[in-house]
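Once you scroll down, you'll see the structures, which are given as structure tokens.
What follows is a pair of complexes built around chain A, which joins chain B in one and chain C in the other.
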Partner chain A sequence: MHSFNLQLLYFLILITFLSGAIVSLILSKNNRLGNIISNILYSIASLTGIITSIYFLLSDKTRIILLHINSNIPFLSFKLEMGKLSAYFILTLSILTLCVSIYSISYLSQYYGKRNTGGFNFLLGIFIVSLILVFSSGNMIVFLLAWEIMSLSSYFLVIFESELPATQKAGTIYLVMTHIATAFLTIAFLTIYAYSGSFDIANAAALIPTTVKNIIFICLVLGFGTKAGIIPLHIWLPYAHPAAPSNVSALMSGIMIKTSVFGLIQFVFVVLGGGYDWWGITLVILGSVSAVLGVAYAFMEIDIKRLLAYSSIENTGIILIGIGLSVYGYSRGNSILSSLALIAALIHLLNHSLFKGALFLGAGSVYYSTHSKNMEKLGGLIKKMPYTALFFLIACLSISSMPFFNGFISEWFTLQALFQSIGVSPQGFKLIAILAAAALALSGALAAACFVKTFGISFLGLPRSTEAQNSKEAPATMLIGSGILTLLCVVLGLFPKIALTLLNKLSYSVVHNSVVPDLKGFSSFVYYPIGLETNKISPMFILVAAIVLVGIVFCLFKLIGRGSKQRTYSTWDCGFRELNPRMQYSATGFSKPLRIIFRAIYRPSRELQTEEGTSPYYPKSMKYVVLTQSVFEKYLYIPLTHLFTSFSKKVRSSVQTGSVHTYLLYIFIAIIAMLIYYRFS
Partner chain B sequence: MDSCLNLLSILILLSSFILVANKRVISYIRTFRLQSLLLAILSGVIGIYSIEKTGEIDILIVCVITFAVKVVLIPKLLKTTVTKVGYKVEKDFFLNIPISILICCGLFILTYFSVSTINDIKDAQVKAYLVNSISVILIGLFFMISRKKAIGQIIGFLVMENGLFTTAVLTTHGMPMIVELGLFFDVLTAVLIMGILVFRINENFDSIDINKLRNLKG
Partner chain C sequence: MNKIAYIVVQLIIMLLIAPLVSGIIKKVKALSQKRKGPPVFQLYRDIYKLIKKDTVVSKTASWIFSVTPYINFVTALIAGLLVPVSLKLTPLNFGGDVIFIIYILALGRFFMTLSGVDTGSTFGGMGSSREMALSSLIEPTLLVSVFTVGLISKSLSVHNMMETLSSIGTNIFQPVYIMCFLALFIVILVETARIPVDDPATHLELTMVHEAMLLEYSGKNLALMEYGAALKQLVLITLLVNLFVPLDSLITFNNAFLALGVSILLYIAKVAIAAVFIAIAEINTVKLRLFSVPNLAAISFILSFLGFVQYFIVGGIHG
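Let's look at the complex of A and B:
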């Protein structure tokens, strides 16, 4: 196959997605038919995307130009190109869209006749195409255009259930935040253009002075950070993800917030040519803070999708730690560290999109059959929806970075990179790296607790509501969609060599080195790079230790429990006649210990409302509410918006006086000023 | 020829100074009529000159239309408007007359300084024309700001237009016919619409003092 075929395949993907979108719009009267046809087209396009990007990742070409249209206006040209990095992101996107579009065939059936599913699928197609364009953009204008289309189409997808006030609020917050991001990106891009004289995404490091590079970096972090949802720019995520339909949340969390990681790598490594130590340190610190706080907030949530949204913040944090280490290693000339960290970040990115996709789709299946996202209303679903529960469990294990699942591999790589950096860096950064490692470990533990809660409360125990009682297993296509994702989680967990092979050439093209050939494998899942022997953790030892420990515990148990008899009986109810679902451990109760420990960030408060009855001892009803505050919203965003609106009001009332003479005076002053300027220029 | 044009352009400038010195609404209209008449004469002179030279009668037609629209029609329309809304003698300006005149002198000097630095204009005569006519535009704008009554704004607008017209005629010796015609229709329509607006303002606010429009803002 030569490059012509690759171009052809690429355009085939785009055209198939677009035709799916258009077909869905044409058939919008016939919900069912349009939905099925467009989603089948989307899955075909995604399959093509998977094949194309894997082929390109393994081929020897570093970069091919797919399309280049020049216009007469000097800086305005339309350029699409594919590099290794783009191919990797398109691969991630295609895997996810394949599963999501299979899933959507049944998932959208709940909206037939009630909502415009044709329009929905159309927007979904546009959204996916814009994502592909972002990943394959060859210059900043195409990047910004595609970025904006992506933001707007995802906004309309978020507000699909637009009559709900919560959805409207979520949409507005999302729209505002995403445009703040675009504003910062535009500043960064124009600054690059001002110095390099070209909008191409190509190395411009030599043309830009140091101070300006630093300013560009800050703009990029603010812009991409808002989209990625790093704390404290994260506030839109916990609103937008729960409001959107589950298939959209899966795509948004799985791949859309990763566009910012793509952009960061693309602009820091390719355009700015590496960077400085402090860039890496900043990213590591931001990543660590986001990882810990993200999961800490996730633990408090009782809405499954809000919880997953916060967990996305955590995982973006982990990816950012990797990117930060890579930037740091690159600027210090440590190619092993930069390559290892980059690979860690990119594997985690793929893994996160797999298991987070599976979790969102699982949450969607639960919502499909119970119409509830509130964990306190679920329970006992494992008996009603066994397959959904199985897939959800596997995804939970992956996201909690349990060994033998993919989440473990990438977090282990990130930890390895951190340990490696402790060995080779000066004192100051050592401390940061140690703290970051601790933060990573803490976030891993919290994530495990968080998903024990999610799975335990929603799927185990007794049903807490009649909806949960009457729930049914999700339809086959929905199971297939989330099933493929969980299968991939297991496969990548057992055979990480697959992902490593894909990343080998990518790492060369971005940081000019790759640790993949040096990774020696004892078995399919034990790796440590040569040259890293000083600081290594071998998962093999963990496995051995685990087996030994389990063996010891089992033997002890058998030894002590000799001679006791077993009988099967219902759960002990303390002598209370019968157990009911309300006596179970609740999600709020489960998170109580952590709420006490992290009082400082949660600021919990409780409220007891009592409706007086005939006697103070027999109240009519009592209502107990536990609240946690969003510190960033209360102390950062609300004061900022107040300041901004009051300032704008003041300016408006002094500028727009309503007097015609004042307006005329503005024109007059402007003309006079221009004349004076002309005289002295 | 040149001295004749020079004289006329200075007279037009002077007429706008006279306008600023006017106190009553009726005399605004009279001064505007005077200025328009001077403008018509100006374009007539240029028209005759161009007939002699090239045989084109475009500018002469413009002269006739200027006379018809700006000297006869528009002042008449404005007069009916003023009489209908009920003409009262009352103070109509924010700044007193001497200060206004001084400011206009300042504007003239500023224009002179700005225009004299344009190196691309080689012809000293054209530079002088430009100074005069741009001053007329600025004075028109200043007049709009300094008067309270809506009639003042209309006259100011028309004076600005006269200034633009003078600039065009003096520097290019006539724009294409179609542009000129378009401009006349524009001005005529603008005056008609503004006249109607003045009626409305008067109906709603019992006055044509545009300061009372303040509370219309959103």
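Let's look at the complex of A and C:
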């Protein structure tokens, strides 16, 4: 009975999303009505999705088959099923789509009459449905089909503002990279099929020899890694995210790149049965490198959305460290470590969707009212957009893993997992784990620097342009959308047990153990997480203590300092007549110390152009540009592209000559070769 | 009951001693320069005076500027609660481990750097930018050294780490502890804005880091910021001396109160000596160029990393 209900609910969700998409297409003449109706339908579907997935995560069922169309041709069999892992990812997706659809009601209003919002919403609906299908795919055919629909629909969403050359470039890079990913995945899937004889996503570990498993793993890392944006496969991310409208960026960064984490867990743990320790070590190293370099590049950006895109690379890196440790622990039979690390990674995944979603939506609100994503043109927005600023600040605190916010919880768990792994592993891995911990500390500190810069330059100080000066608070629905996400950031930061409870049965189903029941003494105030007996944190208790202390200090100071007044006066302007926005530190200036310290990575260069006036000391105008190089593009991708194009040119001139006679010769040779092959095989 | 006693003792000691450390450092420096110097208790008077003074708030500033002093002060105080001054009291065992301490100090810094940008002054932005760069560089060292000590004591709780290290006796002279000690000492110099990283005594724009962020603060707010900085300094010194100079196991009085009293006195003596050492380090070095500080950070990271490698890879004499 229960499973029937769940099946019904699942298809209800899909149908509601699809009907939203179709309504939007039908009403595309009436932008406003179509937008409102489809987004309301999306919100309802998302709410149903949240309820369904939470219900399933807490239920005793491990997996249910939702749809099974079997045919004799394996390529035409379709299977949809829901496991614990699928439910968790659908939950993350649904929370995000709920907020994004509420947000979109107002956000898209800026495009009414200018662009085809009907088509946009249609694609958005298809995109969400394809994500759900990826998460609930029961065989590789459905997975690959849904994966392609997801990639293509998101491509069209990225190039929504298609007349801009930057957007076109972003779209092309995205399309190429995402298909490289699909190519590697196809190789991996076909290899699995070749050995197991089935396309089902089910344990095939016993049927596949070790060497082949390793090859499959490398293909999976390359395929999923490209989608996840791990360095050096990340280059599409910083182009695609800023080009897309903010609600799409929120979904792409919040959940789409996580499909690769889903795939990695599904295929490594379920299909390949856990793998070997070097798989885990590889993932930990890749994750650490991505975490540090991702945030290091983020810190240099002055475009908010490019910065957020790079920061997604960092967070994927942190998730990968967790997954890597989990694979490592599992392969060595340490199910406690494996479960702890998996939980760390999955909590971070949910947290990242929440705060990165909130940040992208916040950046969208800023764009909505100032039409700028460039921090150098913002400033002082906290006074014009107080709520947007508050939500953005909370999201910044969360992503910088500050205590009392959710980012800290997952960072803490990841560090605990690393700490545990050093204790139980052999010498060589200890070295990698401590360096990964150092990398995590460095990336955490750099993330804090990065988001102090983002919030400080964009929202504090004096406005740096008239647009920022005249900006207004975002409309209510946009505030509600990002508000829900930030509220969840705080709730999960103070009551981490909520996320842990959801993950308990999931952990059993993936790594056959769970550390969650070992958590002791849980109440809303005192909270003991696990790991080593004495490593405990209790955010709620500390928060209460902090509030009490602030109260005491405040009252005491009022008492001692009674009679003193507070007055408002302008900031010291160094004796110039008045403080002006250009005296402030700019975003470029803020990142200068680290740009110089890490010049080996950034390879900065600067250009100074002056137009001379009457005196050399008073030039008419000056232009100063600081450029940092993308090392990977320069030394990896551009040479590769050159190699590829020159190879293609050679092939065209020597092999594909265009002459019919040559082609006949090729056919003749092919037939001869085939005959010889069959004679001797 | 024990826990309340712990909180009270911890709060009182931390709040009372914190300004003294800065006083001692200033005094030693002055004496070395054949000056009389301000009295050791000058910071107490300064703070009291600042509380009674009027406060000026920049009109550019937002609410961030006004809440920062409280956040900065209370985060330092909370961190102080989690670093026991004496092992003779049962600690708060549900508060937070050493990772929490590192991150809650980072929370204070997050808001302090935001407030630097908030007023729209050039100096504030400059201070924030430099502070963030320097603290990012030193963070890995801090984590690797506490992880190393934590792995030896199989716990990340500061109290357990202190207990383990106080039970190993003369094994404290093993290379791993010496290296981690030196690494943490450099961390303290960087985190508390001392020479060779920052000069707390000057307000020269070329060199300012910490002071640049405080420029716009006055009155009560400034008092809180100064007090918060002193507290943070004490927290880090306490971590250093109570981990690496464990003397509490030597105190074996039957009377619990007497033992606690002696242990606290010993603690104060240790902190005072640490302050003298910091002063000596300041006297004997010059302020580094801002972009030479990464070298110092690299040295401290290598020290902590070598400590780890020495103990866990090469293998040490187990205590």
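Following the convention adopted for this analysis, the second predicted complex is superposed on the first by the 610 of 681 C-alpha atoms of A that agree within 3 Å, B and C clash if a C-alpha of one lies under 4 Å from a C-alpha of the other, contacts with A are read in each partner's own complex, and residues count from 1 in each chain.
Here is the rule we use: a contact is a pair of C-beta atoms (placed from the backbone, for glycine too) under 8 Å apart; a residue touches a chain by one contact, two chains touch by 3 or more.
Since we're looking at a predicted model, the values are computed, not measured.
Trainee: Which one hits more chain A residues, chain B or chain C?
Mentor: With both complexes superposed on chain A, more residues of chain A are touched by C.
Trainee: Looking at A:Tyr678 after the superposition, I want to know if it touches chain B, chain C, both of them or none. Which is it: first, second, both, neither?
Mentor: First partner only.
Trainee: Under the stated touch criterion, which partner chain does A:Pro403 make contact with: chain B (first), chain C (second), both, or neither?
Mentor: A:Pro403 sits against chain C, while chain B stays out of touch.
Trainee: Quick check for you: in the superposed arrangement, does A:Phe668 touch first (chain B), second (chain C), both or neither?
Mentor: Touch partner of A:Phe668: chain B, not chain C.
Trainee: Can A:Phe156 be said to touch chain B (first), chain C (second), both, or neither?
Mentor: After superposition on chain A, A:Phe156 lies in contact with neither partner.
Trainee: What is the contact status of A:Gln656 with respect to chain B (first) and chain C (second): first, second, both, or neither?
Mentor: First partner only, chain B.
Trainee: Which of the two partners, first being chain B and second being chain C, lies in contact with A:Tyr330: first, second, both, or neither?
Mentor: In the superposition, A:Tyr330 contacts neither chain B nor chain C.
Trainee: Residue numbers of chain B touching chain A in their complex, please.
Mentor: 94, 107, 110-111, 113-114, 117, 138, 141-142, 144-145, 153, 210-211, 213-217
Trainee: Which bits of chain C are touching chain A when the two form their complex?
Mentor: 48, 51-64, 70, 73-75, 77-78, 81, 93-97, 99-100, 102-104, 106-107, 109-110, 113-114, 116-122, 124-126, 128-130, 132-137, 139-140, 142-144, 147-148, 150-151, 154-157, 159-160, 215-216, 219-220, 223-224, 290-291, 294, 301, 305, 308-309, 312-313
Trainee: Name, in rising order, each residue of chain A that touches chain C in their complex.
Mentor: Within the complex, chain A touches chain C at residues 380, 382-383, 389, 393, 397, 400-404, 408, 411-412, 415-416, 419, 422-423, 427, 430-431, 434, 437-442, 444-446, 448-449, 452-453, 455-457, 460-462, 521, 526-528, 532-538, 541-542, 545-546, 549-550, 553-554, 557, 560-561, 563-574, 579, 581, 583-585, 589-594, 596-597.
Trainee: Which bits of chain A are touching chain B when the two form their complex?
Mentor: Within the complex, chain A touches chain B at residues 656-661, 664-665, 667-668, 671-672, 675-676, 678-679.
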